[in-house]
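So, here's a batch of structures to check.
Heads up, the next two complexes both have chain A, just with different partners, chain B and then chain C.
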Partner chain A sequence: MKITFPHMGNLYIALKAIFEELGVGVIPPPKCNKRTLELGTRYSPELMCMPFKITVGNYIESIENGADTLFMWGGCDVCRIGFYNTLQKDILKDLGYDIQMICVEPFESIQQIKNFLKKLKMVSGENNYLKFLTIFIKGIKLLNQVDEFEDLVNKIRPRQIIKGEVDKLYTKFEGEIKNVKGYKETLNIIKQNKEKLKKIEIDNNKDVLKIGIVGEIYTVVEPFINLELIKKLGDMGVEVHRSVTSSEFINEQIDFVPFIHSSKKEVHRAASPYLDTEVGGHARNTIGNTVLYSEKNFDGVIHLLPLTCMPEIVAQSILFTVEKEKNIPILKLVLDEMTGEAGYLTRIEAFVDLLKRRRESIFNEKMLSRS
Partner chain B sequence: MKKCYLGVDVGSVSTNVVVMDSDENIVDTLYIRTQGKPIQAVKDGLKEIESRLDKDVEILGLGTTGSGRQLASVMLGADVVKNEITAHGIAALKCVPDVNTIIEIGGQDSKIILLRNGIIHDFAMNTVCAAGTGSFLDRQAERLNIPIQEFGSLALKSKAPVRIAGRCAVFAESDMIHKQQLGHNEEDIINGLCEALVRNYLNNLGKGKDIRAPIIFQGGVSANEGIKRAFEKILEQEIIVPKYADVMGAIGACLLAKDEVSKTGKTNFLGLDVAASDFSVKSFECENCPNMCEVVEFYRDDELVARWGDKCGRWSDVKVLSKEKLA
Partner chain C sequence: MTVKVGIPRALLFHEYHLLWISFFEELGAQVIISEKTNKNIIGEGIKNTVDEACIPVKLFHGHVLNIKDKVDYLFIPRINSIFKNEHICPKFCGLPEMIKNSINDLPTIIDTEINFVKSKNSLKNTIYEIGKYFSNDYKQIMSAYDKAYLKFKNSKRIIKENPFSEVNMLNNKKIMIMGHPYNLYDPYINMDSIDKIKSMGAYVLTPEMIEDQYIFDYAKKFDGRLYWTFARKLVGTALYLIDKKNIDGIIYVSTFGCGVDSVVADIVEKLIRRKSDIPFMLVTLDEHSGEAGINTRIEAFIDMVKWRDISENNISAHG
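Presenting the complex of A and B:
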């Protein structure tokens, strides 16, 4: 058996290690690329959202490389993603692929985690539940480590003295991850690179803008779909913070487990004056995190969503009010198949210009009121 | 010797060149069609401007803007490469210092820029649809067999309003054909189109935005008086169309270039005769990783001056290195 899973930013690093720990053959899909997009759009319903299309492309590319078992997450409460696996299974069957699909429901209770472990048993043929549990915990740990590493990358990139140094390290890091197996080796690589990252020469006194990213999780964490937005902002000298990440997503679900922490409560509290119920997807987080960013004195917020994403459209109409009341500029970017970057670059550059001027004027006002 | 600054705005539909003197007076402006060939348009524009200028003009700096700003910068050597939103804002502030709203409609895109106390406060650009832009009007003018220049004045002659759906270019077109077949006057239909475009603009871009006077209307479409009147009618406000409304982006680029050169004390501009150089482009698909980026190589007189299009920087960064070595 050869297992594969769809890409979602750096999630593959943890998933690959977990399956390797279970003793299963893993075939991670090639990094999302133009062909992934082409395959995905060819075989998906036209009005479907981008994440669905790219996932279909991921599967097909992995199957071509020899995968026969597909791992996917689902469930009926989040958004369309709950339905992805059913539809994708049909699409792939119609294409004539002989595959097995393993779908995981959201971890809402201990029972769901048990179900997940049962499914892992199906995959690995092992019987020891305790071993499964340790592997599960290791997976969570890796996920958190990778995201911490990524956060550090986003902090250092705008401050690096030699432009491109951080990205060179990151490309090398991705190459190294490809060549290691299992939890221990993967964790070592992450730790080593974190140390190397800290040694990159930075300008500590640089006046950097801070932008928070909110929105639909896939568009936030997958650089292919957001046209490398975070890297582009970093190169413009902006420190970027992502509010939704794979690790936060999992932590929010399982924070009833004693050693797991998430910012769910805080986010829900912040969102409550505007939206105090789930409307699917990450809409509630989008609102809550925008409020939190304004409280933490971020210069601005960028709201990302794939075209036709219902939860984020709801969030978007509420954000108008948040923008006004909390006095924080918000730029909305809708992402779809278009890979022409000019239009996006114009918007991003103009937004960064706007934030710079805004910060200067706030600074000047303060100076005036003091004198 | 007259000291001047040059601004070049390479848009999808038009390429504009502006010459401004050091006292910020406009010396000359040029508006030509890009026609999908930005390199040729920049060359032609520069040649034309050179032939029109007095011999004793010295260009102290160059700014580029528009969707082709990077290309123009590589060709000519720019001191400032600025996005068109900021450039338009800067130019509008120069014309009307207390401006609060800028309506900008160009060939391929439209924007709304809100300013407060002289700084850009908020902006929006049309997303995936070109229904509210100049190319839509261009196409309808062609269909009606009317030169686009006369479109606006015809609309002003309209006496009876004809409502045309404005949500989408395809809807608008079929609605318009339907109204034609009903026998409505040409000028009424044209006026209906202008109002449809304005409604579409306000519904898409103006949604939730506080549109306060003074309002400036600029960009290629601002030459159309029918649209201006439709905006005035719907917004119930006076709309100011500045003298150089069609080349505001280039004016903004000039102002920014002047600012930049005063800071650095030197210019990257390669000189007006650079227009005579031979520019060529080669492209290839990089096969180093699954991204398969389309890399563009840009040559000036057979010398490789820049590469772009790659995600990882393996090609575009090389240029920077070689430049450093030369220096």
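Presenting the complex of A and C:
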């Protein structure tokens, strides 16, 4: 049996290791590329959101590479993610692929974790629940490690003295991950690269802008869909912080387990004056995190959403008020399969320029009021 | 002076207007409903809503703007779920916030949460929360609701007394127009599609004319979980029609950017095309108000349905 899963940023590193620990053959889909999107768009409903289309592309490309079992993150949210597996199963069946699908419901209780483990049992033929649990915990640990590594990359990139050094390291890191197997080796690679990253020469006195990224999780963590926004900003000398990541998402789901921590409560508290209820997706986090960024004195916020994303449209209309009241500039970027890179780049550059001016003028004001 | 409650003529108003209006009237309030959708309402709505929102939500904003200065209260409930284990589009949950943050100088908004996702036990509480704005008497509020509900239920029955069997007797072509109630029953947004089809001599049916129980039973046959109330209703309708074969054509009216329809219209279309030979057409509406395009499509569709009788049977199997 060869298992595969859809891409979502760096999630594949943890998933690959988990399945390898379980003794299952893994075929990770090729990195999202233009063909992935083209395939996905061709076979998906026209007005579907972009994450759906890319996921379909991922599946098809992995099946072409020999995968016969699909692992997917289902769920029952208010938004359309709950329909993903129903429709995708249908699309793949229509295309004549004979595959098995394992769908995971979100973790709302211990019972659902049990169900998840039961499904894992089906895949691996392993019987020992305790072993599953340890592997599951290992997976979460890996995920947290990967995201920590990524955060460090985002911190160092704008400050590197020799341009491109971080990206060189990152590309090498991705290559190394491909060649290792299992939890231990993967963790080692991450740790080694973290050390290497720390050794990169940086300019500590550089005056960098800080931008927070909020929005729908897929558009935030998958570099292909957001046209490598984080890297682009880093190269412009901006430190980027992502508010939603895969690890944070999973921690939020299972933070009733004693040793897991998430910032859910804090985010919800911050969002409460504007939106005090769950409307699906990441709308509440979008509002909450924007408020938190303004409290942490970030220079600006970029709001990412796929076209027609329902929860984020609600968030977007509230963000206008947050922008005014908290005095923090927000750039909204709507992503779909037609996104032209040049126009996109122009908007980001203009936004960064504005933020630079804004910081200067605030600085000057302070200077003037002091004299 | 009596209190004035405003209800925007948009979204779920089209489904629950009788219930809402008579409830408030029983409580002694004067109900003011926004004008029927017109160019001005739609224009103001588009101007005051975020660009990415779908046209029904933009229309809702327009209707709010239309009455907000004439009333003391605006009824914009936060509708989370109207059925057990089912949800409604996320935009409905965030509607009070969307309005508050997009429109200035609003009267008091009655934004009570309506959420029956776990059970209907909270119904009485919900009613009391809404009624509290007008009366302190728990009993009066409840009896007002009961009276309103009766009225609402009876009206539903009137629609249902157009049973399909009777329709079967008619010699006319029967066309099902399906979609969200706020797209079907707002003639401005769908450019009078229903009347247009009627004027071509076809009999128009809508999902509301099918017994709830049928829809419920047929929706259960669908392989997959339908957790949106709209999805259950529309997929149930499609499966019912496929099974009963008592329809000559199906037109699905959708709006651009509708998240629910991006899924449901696709499911419905695939079901119909695979399991039946009923002609199907998907009409997607947006801010454009060019009527000629929609006329052409409807005319062509009805002509095709009519010609099927004459032409299809005459085609020789030998070519």
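What we mean here is this: the second predicted complex is superposed on the first by the 369 of 371 C-alpha atoms of A that agree within 3 Å, B and C clash if a C-alpha of one lies under 4 Å from a C-alpha of the other, contacts with A are read in each partner's own complex, and residues count from 1 in each chain.
One rule holds in what follows: a contact is a pair of C-beta atoms (placed from the backbone, for glycine too) under 8 Å apart; a residue touches a chain by one contact, two chains touch by 3 or more.
What you see is a predicted model; the values in this text were computed from it and never measured.
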item: Touch count on chain A, higher of chain B and chain C; value: C
item: Touching partner for A:C79 - first (chain B), second (chain C), both, neither; value: second
item: Partner chain(s) touched by A:L275 [first = chain B, second = chain C, both, neither]; value: second
item: Partner chain in contact with A:A342 - chain B first, chain C second, else both or neither; value: first
item: Which of chain B and chain C A:N33 touches, first, second, both or neither; value: first
item: Which of chain B and chain C A:V314 touches, first, second, both or neither; value: second
item: Touching partner for A:V334 - first (chain B), second (chain C), both, neither; value: both
item: Touched partner set for A:R358, first chain B, second chain C, both or neither; value: first
item: Chain B and chain C footprints on chain A, overlapping residues; value: 307, 320, 334
item: Residues of chain A touching chain B in the complex; value: 30-35, 164, 167, 171, 228, 307, 320, 329, 334, 336, 338, 342-343, 345-347, 349-351, 353-354, 357-358, 361
item: Touching residues (chain side chain A, partner chain C) in the complex; value: 45-49, 76, 78-80, 82-83, 85-87, 90, 274-275, 277-281, 283, 305, 307-311, 313-318, 320-321, 334
item: Interfacial residue positions of chain B with respect to chain A in the complex; value: 67, 82-86, 109, 117, 119-123, 125, 127-128, 208, 289-292, 311-313, 317
item: Interface residues, chain C side, partner chain A - complex; value: 49-50, 52-54, 57, 78, 80, 87-91, 93-94, 97-98, 101-102, 113, 223-225, 227, 231, 256-263, 265-267, 270, 284
